[in-house]
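Both of the next two complexes hold chain A, though its partner changes from chain B to chain C.
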Partner chain A sequence: MSLIATLSRLEAVRTGRAQAVATVRHRHLSERPLVLVPLTTAGEAGAPLGALVGTDRDAPRLLVVPQPRDRDLRFAFLAELADIVLPYVDAYAEVVEAAERSETDPESGKRVKVEVDLCADAPQLIVPSRTGIDFVRLLGRAMRFRRTAEQDPEAPHPAPPRVPLLGRWLTHFGERARVPGSSLLLALTDLLARHWATGQSSVEDQHLGALLAWIDPPGGESGDAAARRAELARDADGQLLCPPAGPATDPAFDNKLLAPAIERYDRARAALAASEDGLEADDRLGDLTAAEQEIRALVESRTRPTWDAVWRGLDLLRELPEGAHVADRWTRDRWSFTSHRDRISAGEPPQPRRDDAVTAANKLATREREQARLDAQEALDDPLVMAGRRLAGEAFAGEVTEVVMAYSEGRRPSPRPLVTVRTEDRPHLGERTKVYRSLGGKPQAAEFVGYDGPEGGDLLVLRIVDKMGRGKEPEEGSVPQKGDPVCFTLFEHDQRGGAKLPDPEETPWTHGGPPGEPDAVPLPEQPDPPTEEDTL
Partner chain B sequence: MPPPRTRGRALGPRLAELRGPEVPPKALDARALAALAANPGCRRRALLDGAGVNKTALASALGSPSAFGMSQFAFMRGNAFEARVKADGGAELLRLVHEKLDPSAEPPAEGAVPDLAAIGPQGRAARTALALREASASGGWTLLDHPMLVLDVAGSPAFLEPDAVVVHPDGSWTVVEIKSFPMLDGSADPAKVGAAARQSAVYVLALEEVAVRLDSAPEVRHQVLLVCPKDFTNLPTAAAVDVRKQRAVTRRQLARLTRVEEIADSLPEGTCFAPDLPREELTAAVGALPATYAPECLAACELAFHCRSRSREEGAVTSLGRSLRAELGGLTTVEDVLAAAHGTAGDPGDATVAALRRAADLRAEALGEAAARREGTPCP
Partner chain C sequence: MTAPASPVLNPGAAAARATDAILRDTLHGTHRGVVVDSPPGAGKSTLVVRAALELASAGRPLMIIAQTNAQVDDLVLRLAEKDAELPVGRLHSSDTDPYDKALDDLPNVRKSTKAADLAGLDVVISTAAKWAHVKGVEPWRHAIVDEAYQMRSDALLAVAGLFERALFVGDPGQLDPFAIVGSEQWAGLSYDPSASAVTTLLAHNRELPQHRLPVSWRLPASAAPLVSSAFYPYTPFRSGTDHGDRRLAFAVPSDGSGADRVIDEAAGAGWGLLELPARHTPRTDPEAVRAVAQVVRRLLDRGGAATSERSEEPVPLTADRIAVGTAHRDQAASVRSALAALGVTDVVVDTANRLQGREYDVTVVLHPLSGRPDATAFHLETGRLCVLASRHRHACIVVCRAGVSELLDDHPSTEPVQLGVTVKFPDGWEANHAVLATLAEHRVAWRPSD
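After this line comes the complex of A and B, so read on.
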């Protein structure tokens, strides 16, 4: 945490309100996000208990598994979830625009531009907390290897149609969420904590209710008191007033309310199965429906507060203006969405359980590159983030005090003006350190020449080296003038891709060897073998 | 064999006095020990745990009840899974130990499962030590189901009950930890595995105390076996977890624990932590014990909410995270830091103070710039 963020936390303690750590919104927010508030059953490896899901804040769909240990009921839940999520995803998959992508031509081996479809927008999934993202990944893993009756008539417990497809999409969302700066799947707590510093620790910020209490305390109360109430206050029944954002439930809720309700449901079901004639069955069906209704009401009572909190959090975030580079990163999300759409329509198999070495290396490289890109873009978009970089000696801002024209030596002299900047910042500059400033959205590079005055003083001399046009005289506006405020960074604004991986034929044995070698050909993934007591 | 060390007979009554009359001591489990080792400077926790005070009851009596609880679903599933793993005389468990840790040994045909029942924790610990010695000498596979171990913690004995200990044919011992979180495609939640490893490290230390007292001095393996459900099933799968690091850390931290005796002596005469005392009295008693609260305590200690309120009242920066404390040098309270940052206190020659002022200036400048931009005026 930078010292500026630390100070913001302390200011939050003093004022009783969360303090801004960003002045713009650094993540894309869809006009129509799909919010998912899942609950899971304690102790099981991912047996969903229920969820609120939907795009309309006033009309969420409630899905409930009245007996989470029952495979058929779980499948019914997943099928319902697929019926909500997949149409939402498909709506974005259908609207495309033309875009260009450079590809390597297989014949000539040259890079050529190809016209391809790019989805005009992409779906966005919002979950309350980081554990919600893990749960989405888990659901994806549990579903994508399932076989439907159509795919495999012999399968002992065929999954409902579209459930494996939902698994592949959730896996893609979960995987994309690991790429820094991506917005296909977001956790609201992360999103809020990125933009506000509260007067509590980052551990406590994982509690959505407490986090919101600091950012927007109800009725002028202090954030501290409101957060404490959100965390701990219980009603006369011993239930939390602000239920945890899930997917895990409060043990007191499990033990006191949920377990008896599930027991009543089980009893009603057993009674129905044992009923002897139609009249009796009708009666008992009524009992069963009532028992199911009770569980539905319980699940709704624990998810609805979180659902409302998520939308309130989104409202707060929408009040911030969007950062200038956010759209650029969202375009990358659209590419990612489009390419997964294409993989599915091309009939490719689901994502493997474990990535092969080449895929893993590529993913890692992407994440590193995107992290660097995110760091640079956030600083350029937001003076408060840039302030942190300036404090760290990775950027400096100041005023131009002098500009001296100079030219490069050589056959065709080019302009290399010397610019003196007065700054109070203390950047870590060495001789010929490259620095960059944003000129009309494009980076302009300069070299550090030296200090005008004492070493480590406040007058820095820079030599501008590019973006001045082809002529002997620099283009209008391409060189700062005396009195101009400027901000230079020591980090690059654009990220170049790292060294390319070798061609597939050159893949070293460490990474699985060239394709065609027996060890390198992955076997098709098999579904998980069903067992008596498995969950999902 | 000699009885486990229970230092100082005089300490016992002293601790009983602190606990309150007729309050039975609460046994320290490995989870609590691992948590204690994670915060070795906390005298409050060291003494209360050492004295066997029921911290859950104490926290409720102080008006800041702990939020720990276990869902009966998780409890049932955990028990069912453990029973399944240990079914058939532990055949499956022994097979996993053989496969993952000791494949060169002869495969376990039928393991011995000695009866470890005895009266009281002391008796059970003695029975366990005896069973371990016999098993080591037998040259076969032995499964000890819920043995009892004892570890000297800050001068008082802590009784520990691992899920199982397996004795190999070569006489060496392995700690087995059975958890009900899943191992999905061969990997499990790292935070949970870490917690299990820290817990197992405590068992390894306790077993080593038993081993040194045996003539044959059998080896206590530094790889423990973590048994979890495989994927989405209830079938066990296992992985060897190397706990050398956790063992070294725990051992060092346990050695650092301030001696319970010393802390007890530092308390005013008549101090008592019985949960039925009036709240003011208890608050004063607990207040007499210095605590080192950090947000990590929330996940590990029953008293955390009480300590957090105190820490926040005092304005301690550590309540916002340990890393902050490290960043801010000698400035320990929110007020001091803000005063230094805003130039109303502190020595500008001090590096931390200078950095804080610079940070405060930069922050104010950036916020001003953003505000100006929002108002619509072009930024300077």
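After this line comes the complex of A and C, so read on.
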């Protein structure tokens, strides 16, 4: 945790209110996000219990699996979910604008610009918590390899149509969520924690109710007390007043309310199956429907408070103006969405179970680049974030006290002005450390020359080295003037792309060779070599 | 503790035998790769230079892959020192000051940003990052990968197409490579891009010959047993020198302060622990930083002289023979400014990551867990402590708040177990305890008045 984050948390403890750690909103928020509040069944990995889902805060759709262990009911739930999510996604896939992308020309091998479609906007999924993102990934993995009756008439348990497609989309959302700064799939707790520091631990911040209690405590109460109530308070029946944001449910709810309700449902279903004539069946169908209704009401009672909390959190976030670079990052999300749309329409197979060596390395490189880019952009967009970097010695702000023109040596001398900056910050500068400032949105580089005065003092001499035009004299406005406020960072503002990795078919021997060869099989797939103890 | 592989052999003979076996496998072996594990100061760079010269003189051009520009330049200088006639190519980036200016004085070293300009030279050296941009060239028959344990698997993936076979050399006990984003998604895959290059290489090529250098020439007899048992429990090594071969003496007697007493303790025993009262502090603990600076100041003021097998006469302990190691960059910056306030500006102060591969007579270490309320995986990483505790030829002085042992007991490792990931030994928690137990025998209490 950075020093400024620690200080903000201490401040929050003292004031009883969460403290802002951002002055702008650092993530894109769609005008029409799809909110998904899922619940899962305790003890059954990947068995959904139900969900509230939709784009209208006043009219969520309630989906429930009355017997989570029943495969057909689970499929019915997933089919319903597909009927809500896929039309929402498709609506964005259809509206495109023209954009340029550079591609390698297969004949000449040169980089050329090609005109392609770019979706004008992209869908956005919001889940309450980080575990919700894991659940989306889990659903994606469980669905994308399913076969429908149409694809494979022999399949023993065919999936409803469109369920595998939903799996592919959820997998894509889940993978994209791992890219720093992306906004296709967001967890509200992460979003809020990015913008506010509370007086509790970051583990406790994962509790949506407690987090909101710190940020926006009801009626002048202290955040501490409100958060404690959100986490612990129970009614006379021992049920939490603020149900957890899921997907896991409270054990007291599971044991006291849900398990008996599911048992009644099971009994009603068995009774219906055993009924001997139509009249009896009618009666028992009524019982079954009532039992199902009971479970639906229970699921709604545990998801609705979370649903409302998610929208309240979104309201709070919308009050913040959007950061300057957010649109730029959202465009990357749109590219990601568009290319997955294209992969699906081109009939490509679903995402593989495991990445091959080259894909994994490419993904890691992209994410590291995006993380560095995000860190830089957030600081440039937000003086409060920059303050944290300044406190950490990674940036400094101050006023220009002197500018001395100087030139580089060589046949064509170029301007290399020396700029003295007075700052109270204590940046970690060494000889010739590169520093950068934003000049019209582009980074301008300078070198640290030394201190004017004592070592570690407040007067820093910098030599500006670029963005001054091609002439002998620097272009108008490209060199700071005496009295100008300036802010330099020790980190770069943009990231260079890394070297291109070999194609998967060219995977070298050190990494097992191309996918498909026996050596390329990831280790967990191979049985352990037999040892003496294995044979009796 | 450490059991020498063969008690009959003296250290020099044991090391020579290991080197011969490595060179035999490299020059005449049938495997595509040879892996060499080298403990701190075991002559890794010497081995790399020797292997390069032997390959070149056998008429087999080779490429060398190192991890940082400083390592590359250092290797070029060492090669030129051994054989000034050897044609060497230094492939470099197009940034400003891409290489050490000292290379300009070497007539047989050609420098270029393009691999094509260096074609045909006996040895071409660059960083892994620069090699990754080289495309469309005929692969080299031989390569040497230096600091292979600090190279990430994805970096090897980018360059492995450039060579047919390679010698991988590195220190498994130093810091593992890291990624700045989560990579749990690939944990357990043999080609996990965030794992070390050697891990991936051996996962896919189990049959490759593995060697290790058995003798540390840097670490004194007081340090080798502890470093070996704490950080290399299954691959022990020993010191090339014996007790009494090295001596550190000071002309100015102790003034009785904590700094002076810990200096004397370390001069005699090889280790010294300057213990500050227990307290939770920010990372840049002002009192601890001041104590570190004070110890360095006194080391310089007391006219130290180091006697070792390297020279007949004692060598003065000057600023360039002392280093300060920390866990974080802000700590290093604080120590630097505290030293500047005491008039010391030419002592190296850096983080463990940047001290890797370096060697000094005396090191002063700010313990990674000093003053912390918690013990995170970062601070427990064995490599970090190993680097900090194995840079010295004579003595290592650790500055630390009391209570680290209790802190360790309060924070057992809780990292999730990942299927398919080889469990690394030693465990950071255990290694930390082992080091603390030894340091406790050389404890000197710091008094606030010091």
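Keep in mind that, in the parts below, the second predicted complex is superposed on the first by the 507 of 536 C-alpha atoms of A that agree within 3 Å, B and C clash if a C-alpha of one lies under 4 Å from a C-alpha of the other, contacts with A are read in each partner's own complex, and residues count from 1 in each chain.
Assume contacts are C-beta pairs under 8 Å (C-beta built on N, C-alpha and C of every residue); 3 or more make two chains touch, one makes a residue touch a chain.
What you see is a predicted model; the values in this text were computed from it and never measured.
*Asks:* With both complexes superposed on chain A, which partner does A:Ala252 reach: first (chain B), second (chain C), both or neither?
*Replies:* first
*Asks:* Quick one: chain B or chain C, who's touching more of chain A?
*Replies:* Tallying touched residues of chain A, the top partner is B.
*Asks:* Examine A:Leu384 and indicate which partner it touches, taking first as chain B and second as chain C; both and neither are also allowed.
*Replies:* Touch status of A:Leu384: first partner only.
*Asks:* Would you sort A:Ala290 into first (chain B), second (chain C), both or neither based on which partner it touches?
*Replies:* The answer is neither, since A:Ala290 touches no partner chain.
*Asks:* Quick one: is A:Ala360 in contact with chain B, with chain C, with both, or with neither? Answer first, second, both or neither.
*Replies:* After superposition on chain A, A:Ala360 lies in contact with chain C alone.
*Asks:* Let me test your reading of the model: by the given contact rule, A:His511 touches which partner, first (chain B), second (chain C), both or neither?
*Replies:* Only chain C; A:His511 stays clear of chain B.
*Asks:* Once chain A of both complexes is superposed, is A:Leu3 in touch with chain B (first), chain C (second), both, or neither?
*Replies:* both
*Asks:* After the superposition on A, what does A:Ala149 contact: first (chain B), second (chain C), both or neither?
*Replies:* neither
*Asks:* Share the list of chain A residues that count as touching for chain B in one structure and for chain C in the other.
*Replies:* On chain A, the residues that contact chain B in one structure and chain C in the other are 3, 354.
*Asks:* Applying the document's contact rule, which stretches of chain B touch chain A when the two form their complex?
*Replies:* 67, 69-78, 180-182, 184-186, 229, 231-235, 295-296, 298-299, 305, 312, 315, 317, 319-321, 323-324, 327-328, 334, 337-338, 341, 355-356, 358-360, 362-363, 365-367, 369-370, 373-374, 380
*Asks:* Going by the contact rule at the top, pick out the chain A residues touching chain C in the complex.
*Replies:* 3, 178, 180, 354-355, 357-358, 360-361, 363-365, 367-368, 370-372, 392-393, 426, 428, 432, 455-456, 498-502, 506-512, 519, 522-524
*Asks:* Chain B touches which residues of chain A in the complex?
*Replies:* Its residues touching chain B are 1-4, 6-11, 13-14, 20, 23-24, 41-46, 138, 141-142, 199-204, 224, 231-232, 249-252, 254-255, 259, 321, 353-354, 382-384, 386-388, 390-391, 485, 528, 531-536.
*Asks:* Of all residues in chain C, which touch chain A in the complex?
*Replies:* Of all residues in chain C, those touching chain A are 32-33, 97, 129, 132-133, 135, 153-154, 156-158, 160-161, 179-183, 185-186, 188-194, 197, 200-201, 203-205, 282-283, 329-330, 333, 337, 340, 345, 419-420.
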